[in-house]
Amino acid sequence: MGEITSLRDAIADLAFDGATVALEGFTHLIPVAAGQEIIRQGRRDLTLVRMTPDIVYDQMIGAGCARKLVFSWAGNPGVGSLHRFRDAVQNGWPVPLEIEEHSHAGMANRYVAGAAGLPFAVLRGYVGTDLVAQTPNIKPITCPFTGEVLTAVPALNPDVGIVHAQRADRAGNVQMWGITGVHKEVVLASKRSLVTVEEIVDHLDPRPGAVILPHWAITYVAEVPGGAHPSYAMGYSERDNDYYQAWDAISRDRDAFGDWLTSTVMREVRAILGDQA
Amino acid sequence: MGEITSLRDAIADLAFDGATVALEGFTHLIPVAAGQEIIRQGRRDLTLVRMTPDIVYDQMIGAGCARKLVFSWAGNPGVGSLHRFRDAVQNGWPVPLEIEEHSHAGMANRYVAGAAGLPFAVLRGYVGTDLVAQTPNIKPITCPFTGEVLTAVPALNPDVGIVHAQRADRAGNVQMWGITGVHKEVVLASKRSLVTVEEIVDHLDPRPGAVILPHWAITYVAEVPGGAHPSYAMGYSERDNDYYQAWDAISRDRDAFGDWLTSTVMREVRAILGDQA
Amino acid sequence: MMTIAAARALRDGARCFVGIGRPSTAANLARRTHAPDLVLIYESGTIGAKPGTLPLSIGDGVLAETADTVVSVPEIFNYWLQPGRIDVGFLGAAQIDRYGNINTTVIGDDYRSPRVRLPGAGGAPEIAASCREVIVVVKQSPRAFVERVDFVTSVGYGSGPGDRARLGLTGRGPALVITDLGIMEPDPETAELTLTQVHPGVAPAQATAATGWPLAVAGTLSTTPEPTAAELAALRDLNRQAGP
Amino acid sequence: MMTIAAARALRDGARCFVGIGRPSTAANLARRTHAPDLVLIYESGTIGAKPGTLPLSIGDGVLAETADTVVSVPEIFNYWLQPGRIDVGFLGAAQIDRYGNINTTVIGDDYRSPRVRLPGAGGAPEIAASCREVIVVVKQSPRAFVERVDFVTSVGYGSGPGDRARLGLTGRGPALVITDLGIMEPDPETAELTLTQVHPGVAPAQATAATGWPLAVAGTLSTTPEPTAAELAALRDLNRQAGP
């Protein structure tokens, strides 16, 4: 529990073909390096879960890792569309992508239910929208006291939950601050989990606004400095806005994306294999 | 919103005979001074809500403020029983006290539902216990996805929610740290609210573990240094364990309690009236 | 003009749930002009953010650093949005219809095989449901202003008066639709979006031509006051800080 | 002896949900002897508390100051207790019955007019339901160890084997009942509490005499090892720090 290991070994142990995998991070602390490691390890048929699929999921979808996407907002934030996601949904390239679509409130509450060991969550949401007709995972529920009808969504309990955080100590306790989104919920909701961190330190000095996950609630911790790039890790790095802009052009075209995949993500595979040879 | 006023004026405006009033604070930051002000103002027929009725509720019950108590654990923590509470329940003295009894998990979730604007909350709880038969406010609920039967409890939305906190700024934003229990939930769940604070400061400098309530989510803020005594306010005061011990003897006997009431809580009334004369 | 008109619609002291892009610019403009105490709330969990520069995403560091408090995403939706604590929700739209219903999901008739796949719902359905009122900011064109949206992502007035109450939606719904040509408001009787204001130099016919249904025009149509020097300066300042 | 036996029952590294009084003393004793990595969790929301002195309440400042993290009370119940993340729950009891059901609510047959009004449930019902296992610590007497509790505040084995599964309770239930005379464990077949161990110098007859039902005694009855010097020293140390 909270075992400190390498990113490669953690992904190799956690991610399997067909797994339900959630990488979370609400604009901040997105575990991009972990997503790219999943690409490198060639995982297939994943059900990818994420409130805000953005660049890292566009990369994973474009690389053919995913069979299904469960989400609430898929876009390149501040820039525009996710072209690999659109290509998969509209044209089935490189493989067809099934989607299950929610609202942010619905997804957040699905993680809350998952973290709380409940089979479902209740919210005021979705009512009157066309989202309801598209999935069996949005249902009415009646208050047993007032008779009011609300909305229920089922818990999310991914096989693997992955987030990025600022720091861990040597016992594997994790500390994060700034916008922490659904970080706690996804780690607690998932059967197994990985937290990549900017830095492993001797002691987690208390910080305003910090959220702590005790080591025994996490499966693996891996030190991956810059592991959230092009998103940011408050106190460690800035958001790389140029990358978000540049991704638009790279991802718009299948060949450009293929070149990018070969020359960046997969080059590291060769480098790694070279190390071992 | 977040209007800074005196304790006396806040209670006079907020508390009314027959109101449902929740004073919260889980061992820490208990708004004892506010409870004693309610006694001084002679409020009657209150429905008192609190997870852990302890000395302050024993005082309010003994003073005849309450018609009903909604709670999950009533005791003098670390010492023993609440004698005024027992006298009211077992002997109807000074007035009969109706009770509605829950578990901590149930009460906490009732506040969560109240804060979230939902009519009920769902939990794994109460099943198999004799608590279920004693109130209509514990009901089964079936998961619309799995068919599993869980437990529902109705939201708590008190007329008045009161907590104590460490600090507020001059705009009425409140900062608290340490054990914050259901502080946030009770303020957000209540129709109107009061936060008593140790100190009003110019600027709330960020602190590890601090919870902030924005001024617009609070009705009144009153500066009441030591307002949590005999409980404590981390960073300002220590728990007065002698008081908890001494309360056992004072509260055991109706006359001793009456003397205490006259000589301490009500003496302040005379002092106040004297001021005005 | 659209941004300035949107900024003006924000009352000082209001709690405003802000999306990224034009809503964020408008809200920050308002905070720098007539509404210094506007409370900006972003769905990333930042409450009371006071960014000095325009954030590029709803989760920029500057929002967290300047916020009164940062809460989790479940908390922002459950404790702050859902109970109706937010005065104004700011939404954009790919399509909006006669009754202010919004589509940000798919263009085309077949959800499973869309002509254009859009980003999806995000926080919008519950913002549209639970904020006391909603302001929609969207550039006007017949493609965007349609008789009926292809997909209802967020409910406006449904199919007409009374629908919101029937659905149990607690907020009032879209109070203003601000475009680059003018402002529409729901008719108090029919709930139909009606042109009530045009921006300087815009003829009502331009607005009706840019609308995909026969747009009702209010009997007394006002004209948006020209931007003030202070507004223009503040806007320039915001845009300059946002970088290229 | 009761406290020392309870401390010994805690495996190092276990996550332990601790109530105040004897459970807290036992847990802190364990942490200072054989289980330095015991994780103490209090229902006040303190996770990983490492108090240097014995707390007098479950919400003492020393718990918050020494904890790995402090969470809200809803969170401690919903995210940490409810999903089964806690290994051991420590409970006391005013009454406990043959099947390990616990009463901390009322003594007497009439709930509305009790002979003795007790503090009530607190966290106990859900601790008893959701911890992987439960250890009950209670002084033995026929008044406390009754055939049937007057009120089921927290479920042990209900009315016998299979009841927990039928009720959907996820934890295993009371694994040990530790008294001042010895230790009882549920019979694997009947789920009935059975004396399996006596403390040094205690005859089994003393235990059966102090039990309000015909107490089953295990075929092979062990004796609790004498307190070690280290245990006694640590306990003295804890009690001294707690003050008079």
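For reference, chains read A, B, C and D in written order, and residue numbers begin at 1 within each chain.
The definition used in the following text is that a residue touches a chain if its C-beta (ideal position, glycine included) is under 8 Å from a C-beta of that chain, and two chains touch if they have at least 3 such contacts.
Note that the structure is a prediction, hence the values are computed from the model and not measured.
**Q** Among all the other chains, which ones are in touch with both chain A and chain C?
**A** Correct list: B.
**Q** Could you quickly compare B-D and A-D and let me know which has more C-beta contacts?
**A** Contact tally favours B-D.
**Q** Using the average of all C-alpha atoms in each chain as its centre, how far is it in Å between chain A and chain D?
**A** 40
**Q** How far is the middle of chain B from the middle of chain D, if each middle is the mean of its Cα atoms, in Å?
**A** 28
**Q** Determine the centre-to-centre distance between chain C and chain D, using the mean Cα coordinates as centres, and give it in whole Å.
**A** 56
**Q** Do you know which chain D residues sit against two or more other chains?
**A** Expected reply: 78, 82, 130, 170.
**Q** For chain B, which residues are shared contacts with two or more other chains?
**A** In chain B, the residues touching two or more other chains are 117-118, 123-124, 148, 184, 209.
**Q** Which chains touch, pair by pair?
**A** A-B, A-C, A-D, B-C, B-D
**Q** Across the complex, what residues on chain B touch chain C?
**A** 115-118, 173, 184, 188, 211-212, 214, 216-217
**Q** For chain D, which residues are in contact with chain B within the complex?
**A** So the residues of chain D in touch with chain B come to 20-21, 43-46, 56-61, 63-65, 70, 72-74, 77-78, 81-82, 105, 111, 113-114, 116-126, 129-130, 151-155, 158, 163, 167-170, 243.
**Q** Please give the residue numbers of chain B that touch chain A in the complex, ascending.
**A** Chain B residues touching chain A: 117-124, 137, 139-141, 143-146, 148, 150, 152, 154, 206-210.
**Q** Please output the residues of chain B touching chain D within their complex, sorted ascending.
**A** Chain B reaches chain D through residues 26-28, 51-52, 71-75, 77-78, 81-82, 85-86, 89-90, 101-105, 108-109, 111-112, 123-131, 134, 148-149, 178-182, 184-185, 209, 232, 234, 238-239, 241.
**Q** Which of the residues in chain C come into contact with chain B in the complex?
**A** On the chain C side, the touching residues are 13, 15, 39, 47-48, 68-69, 78-79, 82-85, 130, 170.
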